[in-house]
Amino acid sequence: MIDYQSILNNIYQEVIQEKDKGEIATYIPELANIDKNTFGIHLQLISGDSFSVGDSEKKFSIQSISKVLSLALAISKVGTNIWNRLDVEPSGNPFNHLSLLELEKGIPRNPFINSGAIVIADILVSLLDSPKIDFLAFIREISGDSGIDYNYKVADSEKKTGFNNYAAANLLKSFNNLENDVDVVLDFYFHQCSIEMTCSQLTKAFYLLANKGKCLANNKILTKSQAKRINAIMLTCGFYDEAGEFAFEVGLPGKSGVGGGIVALLPNEFIISVWAPGLNERGNSKLGMQALEQFTTQTNQSIF
Amino acid sequence: MIDYQSILNNIYQEVIQEKDKGEIATYIPELANIDKNTFGIHLQLISGDSFSVGDSEKKFSIQSISKVLSLALAISKVGTNIWNRLDVEPSGNPFNHLSLLELEKGIPRNPFINSGAIVIADILVSLLDSPKIDFLAFIREISGDSGIDYNYKVADSEKKTGFNNYAAANLLKSFNNLENDVDVVLDFYFHQCSIEMTCSQLTKAFYLLANKGKCLANNKILTKSQAKRINAIMLTCGFYDEAGEFAFEVGLPGKSGVGGGIVALLPNEFIISVWAPGLNERGNSKLGMQALEQFTTQTNQSIF
Amino acid sequence: MIDYQSILNNIYQEVIQEKDKGEIATYIPELANIDKNTFGIHLQLISGDSFSVGDSEKKFSIQSISKVLSLALAISKVGTNIWNRLDVEPSGNPFNHLSLLELEKGIPRNPFINSGAIVIADILVSLLDSPKIDFLAFIREISGDSGIDYNYKVADSEKKTGFNNYAAANLLKSFNNLENDVDVVLDFYFHQCSIEMTCSQLTKAFYLLANKGKCLANNKILTKSQAKRINAIMLTCGFYDEAGEFAFEVGLPGKSGVGGGIVALLPNEFIISVWAPGLNERGNSKLGMQALEQFTTQTNQSIF
Amino acid sequence: MIDYQSILNNIYQEVIQEKDKGEIATYIPELANIDKNTFGIHLQLISGDSFSVGDSEKKFSIQSISKVLSLALAISKVGTNIWNRLDVEPSGNPFNHLSLLELEKGIPRNPFINSGAIVIADILVSLLDSPKIDFLAFIREISGDSGIDYNYKVADSEKKTGFNNYAAANLLKSFNNLENDVDVVLDFYFHQCSIEMTCSQLTKAFYLLANKGKCLANNKILTKSQAKRINAIMLTCGFYDEAGEFAFEVGLPGKSGVGGGIVALLPNEFIISVWAPGLNERGNSKLGMQALEQFTTQTNQSIF
């Protein structure tokens, strides 16, 4: 039997002493003001037990982590047809994200780069009666927590500074790969990214992906095959230009966000989330990456 | 003494018999409805004489040709400072126009690719009291023709379908290379492209570039050096991905537009404009290119 | 208990009826003459049992599959220092493989693209007394089979037509990322690719990667962590531009070769290899991909 | 009447006081040992007079300037058929020269980037009985100077360090755009680049391009149209990634070499060459560019 609590405590002790805590994202005021020393982990076993350390009950902006949840909702509603409009290959290009989209004539590389997530947002806008209300309801349902909500200030800030996303959405539109108005799709997209969760809520929201598609309340949200495939995409595409590195060092499917959160999971075993707002050069939580690497090393658990 | 009228007549006779007249741009209704058989040339000598053949007095949408005129106005007002925000190198990339902009961190390659012209439009929006009114006044002044005007329907159509330009403007904005609002800049930009001229008016508007900066009415609009430099940019960047080919086959500085117009000039000698709405695969007037090639071959005149 | 033999038989029956068997690689005569109808599978359980169907005992050219074995040898000798000279990120670019190498200043994206494997070959040439003899000895040792050998005709043919590999090696050299002479490194590299194995031998050679670094004879060749990391790279980079697709559809770490072979594994459970020489558009065995997809679907086994 | 000698003297006085003389190319010992203070100009009028200042009679390595002469020889022998194997568009890409070649499937952008010049070298190797002897004979003929020769040490050094050129030639070969053996073509290419000339000899060698195809001895080497077209390519492609800048600042067709030489010409008027071995960041002679800019400003002469 692994003593998870001791392992989390050890990691916490070691990681908080790290001098270089990375750089906080500063492009919107709401993210810039976070204390760099914040650090929390939550571990949720499929068997039911859970463990935590540090600031695991503080809310943070999940940002790109939301892309996994919007993909899950789109797949649960539309199934494999969504793959007509985007691909599942790693982007592999640290330099030019719009160029790849341009080169590939408006078909985003995968659902976790911005242009791909915008296509998923477009699919949901077409499908849902009230996209913002319905998406939030979905997240509350799968995590069994009605306290989860948007941060409207964050969404508003992103709308004012998100020129690169406007560029991507207009480029998609120029290639006929966006059905709805750019402003409508991006309004939904920016809200989706603004969702706030605690580490603990995040592991609950991702429970279904480690549990063959069934959420905490045991409802079947995705088929087993759908859950497996989303995990595969997280592994190959979940960490921007560091996906290979994360697979190599940590060895779990996962997803990071610019707010400093990371969630990762071992199918049938556990979901773990970390929050440490300082980012490394590639935009992933610096201490979060370290903590997860140590976690899989010390517990000797990974998909490989 | 060259018999220009005979040469124009010969070219006209030969070119109108060409079976493959290229493809008309169809992305906006106003351009799509033009008769493919339209063809006109106007030649204006610096010495004063002028010659024409065919539909040289019909108005057409000058589109990208307007980029030379907005550059001239910006240079006349701001001088060399404009080069802090864009470069003068050929784009050379037939595939990915936004990728080059992304790779070069928001500095457009030259003022004649869309992103470069949008930066020029931004400069003018910052400078001018009433950009649309003032720009039109400038064009009427240099061409000595108050009958030149915008086509508001064309401008409106472009606004509704110009997603790629919205993408470019937002990408510029994300790199802090756009001072004004995207919508304001593009509104001006789309109007500028919608200007209509006849072949005859077009040669008059470009007179100053072949005449050391002095327009038809003999007013000094640009310094000699400014005129020379705009001509150099036309030669290296005036024909999208076919600039080398045009220099090679025709050997004159010039600029084309998707409406099927081309204007070219031999400094101190003449300005010539052609209109034939069918485009070749690289987006330049097919018969227009042929006509100009024959003109420089038959008159034995080029800058090389 | 899964009835593996029945599953293999079913897959065999279904797959051999497929009309479109893909295209055989024709760039060297030795590959071009293979019968398109050849098809074999071998499954080796870590527990000891093995199962097979079809042409599982015919030898074929393992080609790029050898890149995993040369990486394993280099890592076993040099450890993590090899990562100073290449990265572990997916290449993600279907179009320009040399351009990525050029853009990233001679650091190959990962050890499974050609330029990366050439760097590994260079490392081995520097390390080993007799690279070709020693590498073959390593493969015979880990697979426990002294019958495995190079095909010298294939190596020779590749040397005569491998201009793209000469381009890559010279580009590496121009970036000071190749220590030895281009000809010496490529001679070793082409021999390495020419190794021939049966499906059965291939599963034995890869046994150590599914068995925490210990080969069939129970010798420790790699540490557990090294084996895990090689599996991670196979998952993110093992299938050229189809790595995401293979992870998505099959969900196992694996590696393909242009000879039509694929090997994949589930850590601690099994190694499976397939051979079907017809390739899909992305250069991976068409029927091999299908067979493996069905295998993980029918056995309900994958890392996700 | 322009007082050319005074203008050259003034330029000389001003330029030699410049503190930042650029950086000397160091990749081969023969270039690295040149004195940075060397500076010479030679001006040859078509009318016959010539003027010079500084080290105009010292020999230097013409390097890439030779590409214009090999193009001239190829065109004089083969005519327009050479354009089946390469294009005439500016490369426009400061970052990735091999990538453009790869993206465009082995068709070099123009004859003045390395891959394009290698294709021209291949054409000459196929055509000429003794390529090295015949090419030298051609240059001696057009310049009327039997003292021009290869520098065999320089050719040898380039052969030992020219890995990027080997990469380009092999990439061309992989796209079937190289008829002869890589080693044979590059041996010729490296010799061609090693030719040494004085400023004075260089203006004589380029005389035919400013004189409608007739060389100094009044023999017709090229048709008028061929000369004109080579001039056009020099203007759009003659200065690596600074072609637009040179056209913009200087306004003459020209070609630079990494040895610090530049030659430029005004058709029907003059040929001017400058040598100053320190290079700017884009690989063109720093003081040479300045000198030519001043020359066209002070003489008020350019093609624009």
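Structural remarks
Read from first to last, the chains carry the letters A, B, C and D; within each, the first residue is number 1.
As a working rule, a contact is a pair of C-beta atoms (placed from the backbone, for glycine too) under 8 Å apart; a residue touches a chain by one contact, two chains touch by 3 or more.
In UniProt terms the chains read A, B, C, D = Glutaminase.
Source: prediction; values computed, not measured.
Note: the chain lying farthest from subunit C is B, by mean C-alpha position. Just one of A-C, A-B or B-D has an interface built like that of C-D, with over half of its contact pairs in common by residue number: A-B.
Centre-to-centre, using mean CA coordinates, subunit B is 32 Å away from subunit D. Centroid to centroid, with C-alpha atoms defining each point, subunit A and subunit D lie 55 Å apart. Multi-chain contact residues of subunit B (touching two or more other chains): 95, 100, 103.
Because contacts link each chain to exactly two others and close back on themselves, their graph is best described as a ring.
Subunit C makes touch with subunit A in their complex at residues 87-93, 95, 100, 103, 109-110, 225, 227-229, 231-233, 235-237, 241-245, 247-248, 251, 253, 267, 297, 302-304. Across the complex, subunit B meets subunit A through its residues 95-100, 102-103, 163-164, 166-168, 170-171, 173-174, 182.
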